[in-house]
Amino acid sequence: MTQQQLTETLFAAKKQKGLRFADLETQLGRDEVWIAALFYGQASASAEEAEILGRALDLDAGAVGALQDYPLKGLGPMVPTDPLIYRFYEILQVYGMPLKAIIQEKFGDGIMSAIDFSMDVEKQSDPKGDRVHISMSGKFLPYKKW
Amino acid sequence: MTQQQLTETLFAAKKQKGLRFADLETQLGRDEVWIAALFYGQASASAEEAEILGRALDLDAGAVGALQDYPLKGLGPMVPTDPLIYRFYEILQVYGMPLKAIIQEKFGDGIMSAIDFSMDVEKQSDPKGDRVHISMSGKFLPYKKW
Amino acid sequence: MTQQQLTETLFAAKKQKGLRFADLETQLGRDEVWIAALFYGQASASAEEAEILGRALDLDAGAVGALQDYPLKGLGPMVPTDPLIYRFYEILQVYGMPLKAIIQEKFGDGIMSAIDFSMDVEKQSDPKGDRVHISMSGKFLPYKKW
Amino acid sequence: MTQQQLTETLFAAKKQKGLRFADLETQLGRDEVWIAALFYGQASASAEEAEILGRALDLDAGAVGALQDYPLKGLGPMVPTDPLIYRFYEILQVYGMPLKAIIQEKFGDGIMSAIDFSMDVEKQSDPKGDRVHISMSGKFLPYKKW
Amino acid sequence: MTQQQLTETLFAAKKQKGLRFADLETQLGRDEVWIAALFYGQASASAEEAEILGRALDLDAGAVGALQDYPLKGLGPMVPTDPLIYRFYEILQVYGMPLKAIIQEKFGDGIMSAIDFSMDVEKQSDPKGDRVHISMSGKFLPYKKW
Amino acid sequence: MTQQQLTETLFAAKKQKGLRFADLETQLGRDEVWIAALFYGQASASAEEAEILGRALDLDAGAVGALQDYPLKGLGPMVPTDPLIYRFYEILQVYGMPLKAIIQEKFGDGIMSAIDFSMDVEKQSDPKGDRVHISMSGKFLPYKKW
Amino acid sequence: MTQQQLTETLFAAKKQKGLRFADLETQLGRDEVWIAALFYGQASASAEEAEILGRALDLDAGAVGALQDYPLKGLGPMVPTDPLIYRFYEILQVYGMPLKAIIQEKFGDGIMSAIDFSMDVEKQSDPKGDRVHISMSGKFLPYKKW
Amino acid sequence: MTQQQLTETLFAAKKQKGLRFADLETQLGRDEVWIAALFYGQASASAEEAEILGRALDLDAGAVGALQDYPLKGLGPMVPTDPLIYRFYEILQVYGMPLKAIIQEKFGDGIMSAIDFSMDVEKQSDPKGDRVHISMSGKFLPYKKW
Amino acid sequence: MTQQQLTETLFAAKKQKGLRFADLETQLGRDEVWIAALFYGQASASAEEAEILGRALDLDAGAVGALQDYPLKGLGPMVPTDPLIYRFYEILQVYGMPLKAIIQEKFGDGIMSAIDFSMDVEKQSDPKGDRVHISMSGKFLPYKKW
Amino acid sequence: MTQQQLTETLFAAKKQKGLRFADLETQLGRDEVWIAALFYGQASASAEEAEILGRALDLDAGAVGALQDYPLKGLGPMVPTDPLIYRFYEILQVYGMPLKAIIQEKFGDGIMSAIDFSMDVEKQSDPKGDRVHISMSGKFLPYKKW
């Protein structure tokens, strides 16, 4: 079972059950963004998490096992063409250097971890048009000197 | 005066004055991330904003004028090598498709605007290591049908 | 059913029925360019639109359902080799910067939306050779300051 | 005098004179988009056009001569990072294949010329937000058989 | 039937019949280069031309129909590795700018059309080694001003 | 003296003298395309040829010497953006494989030399629009077996 | 039968027969490097050579016929990752310009042919470690002037 | 003194002295290919070698010192456009996999060193056209197991 | 049996047997990193090693034979997107030039071999978080002069 | 003062003083690899460290200040051509996936930090040829779930 097959299996099962990621969030006790990452093989489940998902989505043992593997991460391509995903790339092009300047001024020489990291997406109602609100939280890692 | 010269002038003046972006935020009434974007030519100032900055940083008339131009945006390269900036690119590689799945489930077919958009950076103290907290807010734009 | 299979199914059904996009425009009440975008998975149909198309083209339930999905957009490659499509890329190479200069002079710092956007194609008879007339209409989005 | 120097000279002179492209359109009897293309070396002026521009912008003889040259066209890069210009590239990614399908259905096998071509940009007032309206007109060129 | 399958079918039929492109040129009344382009889906046949080829090569109705389609053109890759094809790319690298200089001096600002275009290949016997003689004829298209 | 400086010097001198490449063809006894290639450093002159050109264009000794050097050839970039030059690249994309098929059918396994090669450009008057006529002649080189 | 299938068939047959390229060199009267190139579709056999190989390797008629085709050459990718092949690419990176300088000093403006070309590989015993000895011989082709 | 300046200085001095690489080979006791590599900064001289070259070419102390540095190697670009150098790249494209097959059959799993490596270029007179003869000798390095 | 199939077979067998690479290290007398490289076709086994692995993992004769082949090495892509692998690429971006400076200062002009090379991975317990410890040992190869 | 100027200043001062990185290691109490990284702007000094280096190398105040900045990291290019640096890239190509397999088996889903990271280079004498010994130590960072 390749990762792509697993991803298709998971999305098909979710569609058939009529579940939203928010429903899985309730059942699994994990954020919906993390669960979507798991669907794409960008995160890996514990045995217990895999079994809860397996029951929620009627998965067979092979899929339950595969949810615990660590596939190659990164969904590339280098520069995304999908407009929704590209906008995040553009934010990086336009605001990447300013972000670096601000983070270094506040924290010193180092990075925000993309591993000890979480992300949340919310819908904010607004009469001028709803807004997507994204918050990211990553541990600051200072460069080690030796 | 090229954009690169303007950027260098602005950073040198800020260093000489001993100002932080947070200080400029207070004087200008704009968020420090936006001001850093202005330093890199990724945003443009109104005449009034340019003059406030000009006084704060002792800029000459040429620099004050150049702050109001609209240069080519995008700080490239395609795939950044700086570790701090790359982490954001990696987040896009790892969590881009999950983000798309969540946003489309919540909002329908469309994108989060990178233009009607703002971003905030905060330092969160944490005994296990300080955390970088970033929040982004972008208007949801549904695809027009015609 | 992959997007490519759906696209092939749609084009084959349209050919078999002897329909032109202009005929589908009449039945669906949507512009033919938008319908062609739907054929390629670059737009998504409402349930009602999908059913009208399903009847017009004798599609099965799977195809009718797939018309409502949101696939990855962008038909790549980065630089198109097909001469008809390349000409639009060349227009961007030659007239992209002039367009930016004119739009910014008329509107200020911002972009023309590619989401709140529509496009129309017409054939203009001309004794020196027919002309392709394309009109695009996109909402102007000014850069938010914060 | 390189093309880049000529471009900078032209924009500086236009700024100093307080002229808009629309003003030059009136004086030169050419569309403002075409004039902006001339500023970037993507079009070439006749001797008469160069002299009118020379008078309007107080150019020296070298600049007037250079306006009549044919520099290398194409303002690259391959994939633009400036958000305003990128949106046109994205339109090509999303609607390029649909455009091909519509144009070939209406005209047969061939292309829309990017040489026997003109383009117009207008500002349309709209209470929900002004719109950029672009119209393109290119001669249809059918593929020659031999 | 994909274009690649059609191409393979055509070449296999031609091999089985023991025909050379020059033979097809006689039967079809089209140049052999154009016919080879048709084999690769870079040109499209009229209904009559498709039927003549169908009879000459014993094609079934599906192939005869497919010869009249307009597939995506361009046989890529960007830089060819096959030595025979690369030499033409090298000619473009070495003599492209000189060609531009000569054509512009003779014709003014414009291009040689690759659409209203034909090409011929001949074998010239030569005691020092046979020569490939290629002649290209393309309509000159002057840049439109507007 | 870099090749770029030499190229600029040669074009400036030719402009000042009011000479066309066709005039230099007469004086030098070499085809105008070859002379334009020499201007761009894609060909190298003999001492005698360099001196004739030096007298025709009033070059100094350094330029006359540099005309006899062998600079790095290839005017790149990989994919040209200038429309006039791109059309030749497009011809290669569209007709490259057909050319290979025809040449191999006529000559066997081998290539057309781009070294033992000459090229000619002519203007053909035509009431429907003048045509660019290009003829190329290259020695066929069969693959050596060993 | 694709080229890849032919290559796999040839290597499998050679393995089953327990033959080395040196054995095929003896039977065919061609150098082992050339025979390996034939295995990869980078060279083409005469009818007689194909039949000798067919007998030596028990090939069927399809394979014997396919050995006489002229497939697309070039085994890509652009920059090889296999360490053995990369070393030759590195030699080109490090010694390419020096080679050009030496060859041009000895021969004038031109190239070493890669078509009228042969190559030989030998094993040289050496107490400090065996050495790979490669000799290449290519016809010098002077640039034609016209 | 950058490497490029050093390279230009060395070639200018060699030209002024009227020396060929073969003359430097005699004075230095090193092969002319290696000396050309030294000119391009792809090899480094011992103090003694640098002084001999310094005397032969009338170099100043700075150049003599710089000849002993170890600059970044590799003369790029990834795919060369110069026809003389490209032919070696093409040889790698066409004969790289065959070379790998032959070397592995003769030596086992490993590579030919590009470091413990030497190369020689000779001119072979031939009535059908002179030939370039290149011989390479590199130590075979078997893959270490651990 | 392609390399990818062999890799999948080996990982599946290892999973079914409940073996860790450390267990195979004990049985085979080779380091676990080398064994993992063998799983991916980046190293080749002797007949004896292949048989021990075959018994440990219940492989059939085809797999045992394939373990002794020499496939194309290099697992690409050019720039890895998997975060674990990318970190090593980043180390090369950040510390590559410093490494070159240190190695050349200690050893002179040459390289560390990637062929006569071994690598070891250990887990170091640490109260502040376990650490990955990697040691590499490669023979220094000085550049040969000739 | 650009980073490149700072790098050149530092190397020139170190050469003039006749210091090795090992000498600076003694004076600064930091590893020589880290100091070389500082020379290339890949690390940043504290005020105290910058002053010690400033005294050791007779730097002016501008250089001492610049040592404390945080420049853009990453020394590019994407794929290095220098043989010494390329070998590390090759190790990543050949052993990257095996490393991932081993690290994940030992530690679970996560990465080795390139920030909380140190590296050491030693020369090991060996009668068969000296060896480069490199040890890397990076904190293991497990993927956060949320």
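Just so it is clear, A, B, C, D, E, F, G, H, I and J label the chains in written order, and each chain counts residues from 1 on its own.
Everything below uses one rule, namely that contacts are C-beta pairs under 8 Å (C-beta built on N, C-alpha and C of every residue); 3 or more make two chains touch, one makes a residue touch a chain.
Bear in mind that the values here come from a model prediction, so they are computed numbers and not experimental data.
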Intersection of the contact lists for subunit D and subunit H: E, F
Fitted rotation between subunit D and its twin subunit J in degrees, CA, nearest 5: 145
Which of F-G and C-E has more C-beta pairs touching across its chains: F-G
Chain separated most widely from subunit H, comparing mean CA positions: C
Centre distance in Å when subunit B and subunit J are each reduced to the mean of their C-alpha atoms: 30
Computed distance of Cα centres, subunit F from subunit B, in Å: 48
Gap in Å, rounded to a whole number, between the CA centres of subunit C and subunit B: 32
Multi-chain contact residues (two or more partners), subunit I: 33-34, 73-76, 78-84, 86, 90, 93-94, 104, 110-111, 113-115, 117, 119, 141
Full enumeration of touching chain pairs: A-B, A-C, A-D, A-I, A-J, B-C, B-D, B-I, B-J, C-D, C-E, C-F, D-E, D-F, E-F, E-G, E-H, F-G, F-H, G-H, G-I, G-J, H-I, H-J, I-J
Residue numbers on subunit I that touch subunit H, as the complex places them: 30-31, 33-34, 43-44, 70, 104, 109-111, 113, 115-119, 141-146
Touching residues on subunit G, where the partner in the complex is subunit E: 72-76, 78, 114-115
Residues of subunit E touching subunit H in the complex: 79, 81, 83, 86, 90, 93-94
Touch list for subunit J against partner subunit I, complex: 20-21, 32-34, 36-37, 39-40, 42, 73-76, 78-80, 82-85, 87-107, 110-114, 117, 119, 121, 123-124, 126, 128-141
Sites on subunit G touched by subunit I in the complex: 79-84, 86
